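For reference, the structures are reproduced in the following blocks.
Both of the next two complexes hold chain A, though its partner changes from chain B to chain C.
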Partner chain A sequence: MKYLRIFTISIREQIAYLPVMLLRNIFFIIIFYIFYSLWSAIYQDRETIEGFTIIQMIWYLTFAEAIELSRCGVMNQIQEEIKDGSVVYGLARPYYYVIFKISRGMGESMVRCLPVLILGYAFAYIFVGPLDGYFTALPFALILLIGGLLLNVLWQINIGLLSFWFEEVGPFYWILTKMVFIMGGLFFPIDLFPGWLAGIAKYLPFAFSAYWPARTMVQFNQDIFLTGFLGLIIYASGLLLCSTVIFEIARKRVHVQGG
Partner chain B sequence: MKSFLTAIVKAFKLFISYQKTNLSAGMEYRAAFFTQVFAMILNNSAFIIFWMILFDRVGTIEGYDFQAVMFLWALAAVGFGIAAVFFGNSTYLSRIIYNGELDVYLLHPKPVLPNLLMSRTHVSGWGDLSYGIILFLFTQDTSISHLFLFGIFSLLFALILVSLRVMYHSITFFMGNAEELAARSSDAIISFTLYPGTLFKGPVLLVLHTLIPAAFAAWIPYEIIKNFDLTKLLLLIGADFVIASIAYGVFHLGLRSYESGNRMGARL
Partner chain C sequence: MIISGNYKLLQGRSLNTVIQIQNLRKKFNTKIKSSGFAAAVKSLFNPQYQTTHAVDDISFSVERGEVLAFIGPNGAGKSTTIKIITGIMYSDSGNVKVLGMDPHRQRKQLAYRIGTIFGQKSQLWFHLPPVDSFYLLADIYDLDRNRAKKRINFLTEVFQIGSYLKVPVRKLSLGERIRCEIAASLIHEPEILFLDEPTIGLDVIVKQRIRNLIKTINSEDKTTIFLTSHDTGDISSICRRAIVINHGQIVWDDTVNKMKYSFFKKKTVDLRLQSPLQLEMDGVKILKTKNSSAKLEINLDLVDLTAVFDRIMQTNQIKDMTVSNPPLDEVISLIYSKDKR
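On to the complex of A and B.
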């Protein structure tokens, strides 16, 4: 219950800075326009690419981008707390640090995601028209979208906790995000990869932060959703376990001096 | 004429001493320095895979092939790297203005804007710089003339990027915190320059020649390096200096309305 409360407080904090948050979405509009221009040029002389029409491709990109652009700042918070030593206050409070960070991160991500989803719907509708089966797929895709956000928060916590050993953990996160960009199918569906690479990339954890939620949205069927959901459960559990182990090892390195 | 040359020499000396200090500060955390540089190279390399797969699937896109897009990436990476390494404060101007931290720079016996821009470095910018150069060497024609032009275009790219940031951050002088707006305009020019210019049509092109001058930063340089035209090159240099002058003018106009925050501070 207390974690739910932390989650709602995090949402309220984000809403307090609404104008800044909305201004941030200008980047989504820019990216949307660039991708729309790029794919319109590519689709000029073809109807489909690997089974995706231009309508499906644009809606796919808006959905994948919604997850990507909703990244929270929990890694930086953890890094700062470890660097300046304020992490010890978190250890003394009546909550488990990792779960606390998940609650905060999810609250932040979900508030950031909503305007991107709304903008994505509006722009994709205006530029390429409606997506068939949108409302049927939406509840299932939203589950995977929230799962994609959760995976992102968990990656950030894992990397943030590495600050106990490394001076600067940002570079690890840059590489991770690029893995999601390329191997996770953020820029285009993994189906466009060469066969051997697609076979591997579809089941790597990065695909569950972009490809599976977005593909569920545009080519919904039960198998696609269940594959995405199963992968999500496996990787989220793995990352949660990993962050707990890292945290427990790191906790032993914390020395408190003075009062 | 003599005083103009003296001013240039002084500015260059200031630039060199800032770079020495910034580099030695960055190297203080040697492991973090090399981790950031190496990670940035890897980070940027990911996009090569994206374009390779895409061009493999679809052939050329609006007259651009893989090599042409890699030119845009190399140019943007080196230009962005120059701006990050040598003019690192260009992304912090709004914060410095509204926090009243400009006072410190106003008291220095140096030109305010260059002094302000050069006084910070972003270590990861070395990664962008190295990546862009490596990418150019591996994917482009490396004749002396092309290398020379690439060097000029990279400097001009940095000039436009820094000018754009100065221009948008200077809005803070007049209308309050413009940090988000400046950050988004900076994101916009970088994002657009990484894609073929021929993709964009209609009224957007006007924006890409004025408010977000991506055309001057990357697409016109690509046309010039593909089919060299001296007149076009001179016009481009002229246009870039007009953009820089506007940014300089807007900043100094804003500086007139700047009010000290009475903040005590010292730069060590």
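On to the complex of A and C.
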């Protein structure tokens, strides 16, 4: 119950930033238009590329970008709390720090995601027209999208907790985001890679933050959804376990050596 | 060496002990970094450590309902002690019992029964009104809705925060925010409240208001107050007892009043006389004279106050006089400096 309240209060706090977020989405429209122009040129003399039509490709991008542009700031919060020592004061309260941060991060991400999704829908609808089976696929794709947001929050928590040992953890996160850009299928579906690379990239954790949710949206079938869902469960559990272990090691260090 | 002690005997009454600390010790090993490239490379393979005894064999107890000042210069061991008491940090040796619990092993259970305010570290959500944070804290401490509502109403009344309970925290003044911070830390009716610098950065009027509120919650809720502050105004107006810690050891444990009276053997006397002062006497130092006014410092170890006044009145007439104790911060500075190693 307490974590649900943290989640909802985080949503409410983010709504205070809504005007800023909407302004930020101007950037989304610009990059989206660039991608639209690029793919229009590529699709000029062909109907499909690796099974994707231009309509599917543009809708794919709106969905994958929605996850990427909904990143919360939980890593920076953790880094700051560790640097200024305030992380130790959370230990004097009856909640588990990692779950608290997940709840908060998910609240933030969900609020950021909604306007991007709406904007993406409007943009794709206007520029390439409706996507067949959109409303059938949407509930399933949303599950994977929320999962993608969760993976991002968990990555951020893991990297943020490394601040106990490293002065600056931003570079780790920078590498992660670039891996999602390149290997996660953020800019184009992984299917466009050479066969051997696509075979590997599809099952790396980065793909579950972009490729699988977006592909479920545009080429929905049960197998695609279940593969995405299973991978999500495995990687989310792994990252959760990892963050718990890192936090426990760090907590022992705090207990012994101070804040 | 403890300068004064056995406060419980002085109080002459028996109350429940809420904090019991015996022979507490905590040391830290800090890596030494020498200058120069060669030293940096050497330290990679053969790191050198320096041991600091942050808390060095301290013992004290706190009774239910007490208002205690726990003070000391920076780096004296205050924060370490508080972190050990609240279960955030382990001790190397010694016994710690807080509300009958071992903070190290029962940190979560203890968290439900203590409240903390650490300096300017906010527990309120910046863009939301305080009432939202209050209800969140009520959930964190597993209070049911009715109890939470009653408690929030009570605190709203006591702290007089009703007019800005629904205003986003970012729009509150510092004084208003601190009132809400203290109210927030009391949502779950903690038995002990740890306050670290609660009035830092506030103007004198707001400081006084916060001090009154702390006194109110101590008397209304019977909450034990464990106050850390560098502001002697907080200590003299809120606390009856003070523990002074320096270099990890307790150097004073007694009442705040006794701290003033027994420690300083000097009094300052302002006089307004019939004619200019003519006085030479052992133990009396004339600090300032102007026309028929004078300011003296009298060392009570060397001379009695009455003897000084008798001598003055032999040749003069006292029209007005003020005898003052030294300010508390001077007393505390003296305690710190006496303990310098």
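What we mean here is this: the second predicted complex is superposed on the first by the 254 of 259 C-alpha atoms of A that agree within 3 Å, B and C clash if a C-alpha of one lies under 4 Å from a C-alpha of the other, contacts with A are read in each partner's own complex, and residues count from 1 in each chain.
Methods note: a residue touches a chain if its C-beta (ideal position, glycine included) is under 8 Å from a C-beta of that chain, and two chains touch if they have at least 3 such contacts.
What you see is a predicted model; the values in this text were computed from it and never measured.
S.K.: Using the superposition on chain A described above, determine whether A:Y33 touches chain B (first), chain C (second), both, or neither.
M.R.: First partner only.
S.K.: For chain A, which side has the bigger count of touched residues, chain B or chain C?
M.R.: B
S.K.: One more residue to check, A:G195. First (chain B), second (chain C), both or neither?
M.R.: After superposing on A, A:G195 lies clear of both chain B and chain C.
S.K.: Just chain B (first), just chain C (second), both, or neither: which does A:M1 touch?
M.R.: The second partner, chain C, only.
S.K.: After lining up the shared chain so the two structures overlap, which partner does A:I182 touch, if you call chain B first and chain C second: first, second, both or neither?
M.R.: The answer is first: A:I182 touches chain B but not chain C.
S.K.: Just chain B (first), just chain C (second), both, or neither: which does A:P139 touch?
M.R.: In the superposed model, A:P139 contacts neither chain B nor chain C.
S.K.: Check chain A for residues that touch chain B in one structure and chain C in the other, and list them.
M.R.: none
S.K.: Can you name the residues of chain C that touch chain A in the complex?
M.R.: Its residues touching chain A are 28-29, 54, 79-80, 83, 86-90, 104, 107-108, 111-112, 114, 116, 118, 121, 125-128, 132-133, 135-136, 139-142, 168.
S.K.: Quick check: in the complex, which residue numbers of chain A touch chain C?
M.R.: 1-2, 5-6, 9, 12-13, 16-17, 86, 88-89, 91-95, 254-259
S.K.: In the complex formed with chain A, which residues of chain B make contact?
M.R.: On the chain B side, the touching residues are 29, 31-32, 35-36, 38-40, 42-43, 46-47, 49-50, 53-54, 56-58, 61-62, 124, 180-181, 184, 187-188, 191-192, 195, 198-201, 204.
S.K.: Quick one: which bits of chain A touch chain B in the complex? Just the residue numbers, please.
M.R.: By the definition above, chain A touches chain B via 20, 23-24, 26-27, 30-31, 33-34, 37-38, 41-42, 49, 166-168, 170-172, 174-175, 178-179, 181-182, 187-188, 192-194.
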